[in-house]
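When the chains are written out, they are named A, B, C, D, E and F in that same order, and each has its own residue count from 1.
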């Protein structure tokens, strides 16, 4: 199969919404599953981090985060000029695409595991690091010259937001407890991970279908953007990975991180920091188009490119 | 033990309700578990279906569904004449008993597994097929000569209802992904199945106890019906299974399907299509009496009969 | 590590609350997890009980429960005189400390398992037995000489309360079904136990942080009490265990039971039987101080003492 | 009442959860411009509805609207649902901002 | 008000969730013919009740009834629960269909 | 109205769930002594909010207060949140016990 079987659950969710099924997954189940996934991803990363020297990550981390800032800075003028979107909307959408999607990352990891392509656990650290900075860039773009941003509120909203707390908390617990300490928890957090991801993707399908409807009023530009942006960002990720001498697996993960658009931390942060931006546009593009695109076409594409750019990766 | 250990959880739920415990399982947990069970049953069936030629099922499916229609058609006059129930109630109850209960089916599968009696995964297809037709018969019986049924609403309600969407969706995913593709999900959907069923039965016990109270006003006829109907339908299932040259395991599952009464799809459909029917009667009988009867006495009985009708089954 | 890795999840929860994270675990998830844990602990105890002669437990049970009554009777005058608390509050807090905490017991079991220290499954029976009596003592102390207690309401509230129903129900099911009957459920109830406990402790951290805030108005006496009481009660548990010739593992569990303070059954019961007592005090002390104290310092301490009181334990 | 506020009607409907798919579309069809829904349980003439599963859950729907729409909604609900379903409706006077919205 | 509607009282009670088992039976005993309950959280004089667990959750109970029963309920709640529990009660005028039901 | 009861205002706010952290602290700052919150979903000018995830959920907040505070709250909500957020506010007259509390 060209794509991961778990994606079939996403399609089932989409389909159920399309035929207007009464299938509804309660909001609290969505909450519980997303807590589980964030924690499990953090734990897994932390356990593997224990096997590396953390300081070796400092330089690549700086490069990875620095280059990633190109994404919102490049998206913004495109959205503003080409897309003729209001400044607030352009900035908010740029922030969503500069930040990252945890579930897309999880599906990419799963895709690599199915193909026995090794990838390093410390990629989770980049996942955690990439969440925030693009949001700051987005707010800065929205407010440039118009003063009055409550930066402290915003920083608190994101840094104390559940995705950072759970990812970083999981990393830390995994790191402190180490593989031995975590072993009794493996049955829940690692063995069930893929099944839970499948279940979560079913929900995501239901949710994404609703966002597609929101997007209908937005016109073709945003749809094209929501497909073009991840492809360009994915390429940027592959180039950066080549520069940093990453393995094929790590390169695919970095490309996926760059290509993915946030739909957990970014919407919440933008709603507070740039309230005049219309969330239907940013969430509609990120979740209605880019998310399914990455799942079904993007990840296989970045993988295919990474394999064929051989020589570039160690 | 003459019955499945999981049934003890059902009894615990009943008991908790009886002593008016404050034990309450939140409604969303009920929702989440029922989604899990439907999906898992579908996936399991789909994976095993991949090993068969689907076309071979067409004829048995036709027979199984055709014969099943006898059940609501036979129940209706009995409820109407002997039971002196209003036409709407007679038709609604007939529809419940013509349709099927997914959890009863799951307990029967579990019962067979404990005794190492093989049964085919494609029986799940019959489970999915048997859900709808009896509901149509029931609505037809309720409305005969009195026109004005919104068939399209009804069909949509059932076909896009969560039980069909999840069962059929699971079948399809299992079939497409095959045993290999599904394997990473086994830990959630197959290994935990029986534990989740136990948990769900605990809830069912709490819910069933409440339905019993509803039934109290209904009088002894309905109680007798709720025990007699499954036994007769179970026999019909065994006969049909013999006719179709089923194995003992498959015969027990078909008998259980015929004998079981729906309490997910049927109540929702009848509430919309035959609103003047009193749901306390149909759900009270189906969930308060027939469900526990099948769990504790019916399934062992159909098994005993299937084994002793030897010669009949391959 | 001096403490169990699962405790790190509790600390993460505390920390999340401290930085005022938006991480919130829905109330129904808390409910579902606590049902799971109670049932799983009961089942495990029941399965192991099947290997013993239950009658052999009668005498130790009597001693264990009898001695435990010393705890509320000793706490009450201290809280009343030294703490200058109103009679109702002193009695209610005494009841909380006389009763037991299921999760503290689970962490102690987990602590022993990590260190390969054997402990007997029938200790769960004592857990179930110790829940109620101290509550009766507490109500008696609150009402002495002032008549008018609805003992039957209170008894019903506790005996039909979810913790007794699930613990005792689990014990019974485990006992009836035996290791063989339960085996298909092991994957859910035993293999996932520690992971679920970790998840639950994350929630407990969030909840406990809120209770600490409640406690702030209460002053230093109650804080000192909430650390001193478990240490004294733990010692009493070790002495009793020595008297009953318990193994080291069982001694640690008994010490933990004595040292732990109830925050499920006791608050609910006291709210009904002694409504004028301020729940912020009793829950604040039990959950805000004693619970984390036992997790992080108490259990290792009781273990250290048990090992060094060698000769005392078989 | 603050000068910014205008008088409107708040129509509250409490009914079986399974009625949602049938009832909600009727609201817009009879002039409601929005609604708010919360999950509920309760007790009435048809016994306890404890929320343990969908079939014994209630929903509570609020519609802010003008008096004409309120009357139309009440009449519609009475005509279509009162005979066969567990349903309770009541109307309260409410002061709203942005009266044009309702 | 539509001619179909009659005036009744809507009594709303907000209190600790753990009071449910104690309070709900009293409603019927004092003349209420039904009630509707939703889960809630909140804040008041006794601090934040964030709904993280049962012990810090609230419930919100509505009773439609006539003025006599409303008064009886209010008096009962004040006498039995106000001293010891976190509880808030308010009464609103509501127009209902089928007045005989309440 | 029972002699025990005093007239107050019940301010009900329905808005996006993600506004909670921003809006709730403002209530106390403008004189509210408490509030009650329930989870909700709904539909309005900004489309369906089906509660499938936090970003499409609503909350429903009730504040009992006197007329002055009610007016202050309504003005604050209008000034701070109406332009950018999905929010609906309405005010109802309510009779309360212990008027000093609100």
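In the analysis below, a contact is a pair of C-beta atoms (placed from the backbone, for glycine too) under 8 Å apart; a residue touches a chain by one contact, two chains touch by 3 or more.
Small disclaimer: the values here were computed from a predicted structure and weren't measured.
**Q** When you check each chain against chain B and chain D, which touch both of them?
**A** none
**Q** Could you run down the chains that neighbour chain D and chain E together?
**A** Chains touching both chain D and chain E: F.
**Q** Interface check for copies chain B and chain C. Shared numbers divided by all numbers used: above half gives same, below half gives different; which is it?
**A** Chain B and chain C contact each other through largely non-matching residue numbers.
**Q** Name the chain pair with more contacting C-beta pairs, choosing from C-E and E-F.
**A** Most C-beta pairs in contact, of the two: E-F.
**Q** Using the average of all C-alpha atoms in each chain as its centre, how far is it in Å between chain A and chain B?
**A** About 41 Å, centre to centre.
**Q** When the centre of a chain is set as the mean of its C-alpha atoms, what distance in Å lies between chain A and chain F?
**A** Chain centres of chain A and chain F, defined by C-alpha means, are spaced 35 Å apart.
**Q** If you average the CA atoms of chain B and of chain F, how far apart do the two points sit, in angstrom?
**A** 46
**Q** Between chain D and chain F, what is the separation of their C-alpha centroids in Å?
**A** 19
**Q** Got the chain D residues that touch at least 2 other chains?
**A** Residues 21, 38-39, 92-93.
**Q** Provide the list of chain C residues touching at least two other chains, using ranges where the numbers run on.
**A** 22, 24-25, 28, 31, 157, 192, 268, in rising order.
**Q** If you go through all the chains, which pairs of them touch?
**A** Every touching chain pair, ordered by label, is A-B, A-C, A-F, B-C, B-D, C-E, D-E, D-F, E-F.
**Q** Which residues of chain D touch chain F in the complex?
**A** Residue positions touching the partner: 1-2, 4-5, 8, 10, 24, 28, 33-39, 62, 64, 92-98, 101.
**Q** Would you tell me which residues of chain F are touching chain A in their complex?
**A** Answer in residue numbers: 16, 18-19, 21-22, 39, 46-48, 50-57, 83-85.
**Q** List the residues on chain B that touch chain C in their complex, please.
**A** It is residues 1, 5-6, 8-9, 12, 15-16, 19-26, 28-29, 110, 113-114, 191-192, 194-196, 198-199, 202 of chain B that touch chain C.
**Q** List the residues on chain A that touch chain C in their complex, please.
**A** Residues of chain A touching chain C: 28, 31-32, 35-36, 39, 156-157, 159-162, 165-166, 169, 172-173, 176-177, 181-182, 184-189, 192, 268.
**Q** Where on chain E does chain F make contact in their complex?
**A** 12, 14, 38-45, 58, 60, 70-71, 74-75, 77-78, 82, 88-93
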